[in-house]
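These notes open a run of structures that come right after.
Paired with chain B in one complex and with chain C in the other, chain A is shared by the two complexes that follow.
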Partner chain A sequence: MKSRGFLPALPALILLFVFFLFPVVRMLGFSVEGGTFDWYAKALGEELYLRVFWNTFEIALLVTFFCLLLGYPLGFLMATTTPFWATAGFIFVLLPLWTSVLVRTYAWMVLLGRNGVFNRTLIESGIIADPIPLLHNFTGVLIGMVHVLLPYMVLPIYSAVRKVDPAIPAAAAGLGASSFAIFRRIYLPLTLNGIFAGSVLVFVLSLGFFITPALLGGGRVMMIAVLIEQQVREALNWPFAAALSAVLLVFTFAVYALAQRLTRTETAR
Partner chain B sequence: MAKRFGDVVALDHVSLQVAQGELLTILGPSGSGKTTLLKVVAGFETPDGGTVKVGGIEITALPPARRDIGMVFQNYALFPHLSVAANVAFPLEMRNVGRSEIDTRVAQALAMVELKGYEARLPRQLSGGQQQRVALARAIVFNPRLLLLDEPFGALDRKLRETMQLEVRRLQRRLGLTTVFITHDQEEALVLSDRIAVMNKGTIQQVATTTEIYERPANDFVADFVGESNIFHGTMSAPGTVTFDGGRTLQVRSEKPAGAKVGVLMRPERFAPSGANVFTGEVVESVYLGTSFKLRLACEGGLELLVRQPARGPMPAAGARVTVGIDPESIHVF
Partner chain C sequence: MKTSPSRRLLVVACGLIYFFLMLPLLVVFPISLSSAPYMQFPPPGLSWQWYERYLDDPQWIDATWRSLYIGGATAVLALALGVPLAFALVRGKFFGRILIDRLALAPVIVPTIILSVAVYGLFAKLKLIGMWYGLVIAHTVLALPFVVLVIGAGLRDFDRSLEQAAEGLGASRWRTLARITLPLLRPSLVSAGLLAFISSFDEVVVALFMAGANMTLPKKMFDNIMMEIDPTIAAVSVMQILLVSIVLVLIGRFGRGLKDSAR
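Coming up: the complex of A and B.
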């Protein structure tokens, strides 16, 4: 009776169908309204919009890179330190995760502005004369997104490091490996799946990110989600927004499918 | 050597020497401090006091990586993502040995543990005994100054364990490896060791050859922990005579002065049908062990004896009266 397990899941499936699948299909319908693919041609043909896609891709890549750079040491430390510090680490990682993205983004606006905390401190201490532009540009978006998405990198890495039997690095040390060699030859290959999971998660989430780039970019950093919102709210161009959304959706799925495939060959080895 | 964790004294002024080429076993129950001692030697724990020397050179302050000590861990700690050959090559690579020399030495080490043909396998594709051999090959391939074995046979079934014990013993002898072996299994200790150090509660109870440990244990703990035993306490009432509290006397060989409080050890297998000291008692429990009968006798004066008899003829049933004897030479007084 394989189908028995299906019944309890029914309410959730109905909910997903009505509030997710149906709207998505409806939206896809918008994009080909009048039986034409013109809006897709526009989204994928005009240099302006291709640049937005490229921009989005670039930001997602950079965010993933910086999250990895910051997240690996943090996740590693949390997995190998004493329970007290591990708990402290968890609080610092999870507390922001439980806070609204909106709140965190506004907080960054306060910190990064021309007269924000960073610039004022630097100017008052005489390190710089003029404020560094940190808000409404690429840098600001990057800082904000890395902060918001960092937990998604830290947690998979933490759990991957936790899975490594402590006797294994100890054995490596006993056999003559330096700390660096232990990291490169033992921890890195054994936590590769955690790195991979975290990276895919952060990258995919970055692709569709809206609030942070909208607020910290101030309309000057175009990411695909920001463009879609603009098309809907300002240009009232629903079909074009729908076409852009469809492209983003397909691209995200493609990244995800590729990642799945790579992990499968990884575990099959 | 001393080591404490908080209020717990793990090692209490322990001092131990291992001779070149010797296999010394540290035997003790869990919590006796034997693993702590091993970790201090390997460099994973820092002692609160004392020094560790190998070949006359002090290594107390050296990190594990620079101690040149081969170690086989309890669960082997093989690198799960590396092939058998890469596991064994690891310590050589860390020492910047040339590629061609690595290949030869890895092949030699794998041949020594009879794992030729398994080079490309991953640890998880091997049986427990094979993993054990890889761990051993990895620990000896770089000619360490000292080999440490931390309960390496614990996870193996009995038959395989016995095979591996003999194999390790042969290999250790052939290579002349100075080896410290840790176990809580006294049988294993007797099979493998040149000498045994019995530990309990952070102190060394006795260090001696295997026969010495078994025949002439230094105290109650050693006598009880190693092998089956009948231990009684009494007083030397005259030269060569021990009197128990119940008034019963026993003829022994001992230089202890009259009036000394002594312990008496009689191994169950040393009892014969007759002897200088005779015990008669009722069988409380009898167990058939294939080669022998194991009898628990309730003797006069409240004495309870564990006796092993060769399995010949019918086994005495519970309630039967049995007489056994033991000569003074077979009784150890401490």
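Coming up: the complex of A and C.
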């Protein structure tokens, strides 16, 4: 094969090799320093750290579930409404997406705190007597992460629903199908790809999440990324941080690889 | 078209979800204008004190300038490297093209915490911690996938007969590139550049490790949130939201449509 057009890629490739590939491989190398797998045994063997992995997995799964629950209606409405409302819908999805995660996390702290907006409103209206703990716990992290990741679910679902030929649901409706039947028999199977793409994206992004659990978890909700940061910055334990990173990385790639395999067999059918 | 009951239910549900999405953005506006000396909601009265405190604090202003020029430099560098890369990936034919395509997108797949720790380890060795250009390099790695995706999409939709016409009329390859290809790609270039800028301007994880004493705006915000909830943050947040809105309007006006980039 004649090779052409490679040269323009070279400068970017050098950057990626020197400042991305090399440092990552170098750091992962720390985990087997001295030729032992002791750090991996610690990461995957001790109950304390296994629980962090399990926590991360559980949170990622729940975040994905709630993003799907909230994201599907939004994507669906945006794809089936008039152009004006679709654009308005896009603005309201993209504005939070492009607002700093820090700003949003700060706002959630204001909303969810002991003396936060929610608790004050609920107490003043007499619904509850004592503030419900919403911050520095599992619930807080979940709310914050769903908020940050929801747009990543909405966009693929939107494009999947857009691809459905509107004549099909119209024909079904003309033949007397109920809205629910149209959704279950037409939209759901035809938009499975979008659901899948959005879920994989949200799940994988959740696995490596740092800012939201660090701030809204208040040190009480340990996720893998927070643990890695602590090992590097506080414990200065590079080999252990490297082993944890390697496990996270392998897990991330495995999810992607699995997802790609599944979509490939699906399109092949 | 008659609105069915289930459709009405959908609209109501979506209204609530949009409320959830916008709630954090809406709550910071009133807090930033609060006259209370500490966090209180709803605010007892209105004042500009938190904006004044932000503008009067050289630390905040320094951090803002630093983030602006690091973001600008990142956008320039990411375009300078990413546009040729996108050309090579879309139009080139060479061994390992698919592999390079994967590598170029990998920085969004690899968790940012891993990238941050890895680059931090390297930069500590090279004594680049606290250097603004060190952060520009790391942010460029993170911004490169956006540039490649947006420019790549623009190139795939490109009508090549226009270039062939220019070359057929005797224009050199460079002249065709400068007079035909790049001007036609301008919407994609604008979107890619602005996305790269915002991605750097908002970036906090890498900055957390590498900014050192020279704080960027997100790093300063992170530290402030960690220490105390001071409404100054709300004032900074409002300005950040306004800046992002302006950038989004710019992308909508001069860039490739938002909906096209979302695809």
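Please note the rule applied: the second predicted complex is superposed on the first by the 266 of 269 C-alpha atoms of A that agree within 3 Å, B and C clash if a C-alpha of one lies under 4 Å from a C-alpha of the other, contacts with A are read in each partner's own complex, and residues count from 1 in each chain.
Operating definition for what follows: contacts are C-beta pairs under 8 Å (C-beta built on N, C-alpha and C of every residue); 3 or more make two chains touch, one makes a residue touch a chain.
The structure presented is a predicted model; accordingly, all values stated were derived computationally and were not measured.
Engineer: Identify the partner contact of A:219: answer first if only chain B is touched, second if only chain C is, both if each is, neither if none is.
Structural biologist: In the superposed model, A:219 contacts neither chain B nor chain C.
Engineer: Should A:189 be classified as contacting the first partner (chain B), the second (chain C), both, or neither?
Structural biologist: First partner only.
Engineer: Figure out whether A:210 sits in contact with chain B (first) or chain C (second), or with both, or with neither.
Structural biologist: Second partner only, chain C.
Engineer: Based on the superposed arrangement, let me know which partner A:29 touches: chain B (first), chain C (second), both, or neither?
Structural biologist: neither
Engineer: Is the number of chain A residues in contact higher for chain B or for chain C?
Structural biologist: The partner with more contacted residues on chain A is C.
Engineer: If you stack the two complexes on chain A, which partner ends up touching A:175: first (chain B), second (chain C), both, or neither?
Structural biologist: first
Engineer: Using the touch definition from the top, say if A:167 reaches chain B (first), chain C (second), both or neither.
Structural biologist: first
Engineer: Per the contact definition in the header, classify A:45: touching chain B only (first), chain C only (second), both, or neither.
Structural biologist: The answer is neither, since A:45 touches no partner chain.
Engineer: Which chain A residues come up in both lists, the one for chain B and the one for chain C?
Structural biologist: none
Engineer: So in the complex, which bits of chain A are touching chain B?
Structural biologist: So the residues of chain A in touch with chain B come to 165, 167-168, 170-178, 181, 185-186, 189-190.
Engineer: Which residues of chain A touch chain C in the complex?
Structural biologist: 1-9, 11-13, 15-16, 19-24, 26-28, 30, 70, 73-74, 76-77, 89-96, 98-111, 113, 116-117, 120, 147, 150-151, 155, 158-159, 179-180, 204, 207-208, 210-211, 215, 225, 228-229, 232-233, 238, 241, 245, 248-249, 252-253, 256
Engineer: Which residues of chain B touch chain A once you look at their complex with the stated criterion?
Structural biologist: 42-44, 63-71, 73-75, 77-81, 90-91, 94-95, 138-139, 142
Engineer: Which bits of chain C are touching chain A when the two form their complex?
Structural biologist: Touching chain A: residues 4, 6-7, 10-11, 13-14, 17-18, 20-25, 27-28, 31, 39, 41, 80-82, 84-85, 87-89, 91-95, 100, 103-104, 106-107, 109-115, 117-122, 137-138, 140-141, 144, 198, 202, 204-205, 208-209, 218, 221-222, 225-226, 229, 233-234, 237, 240-241, 244-245, 247-248, 258-259, 262-263 of chain C.
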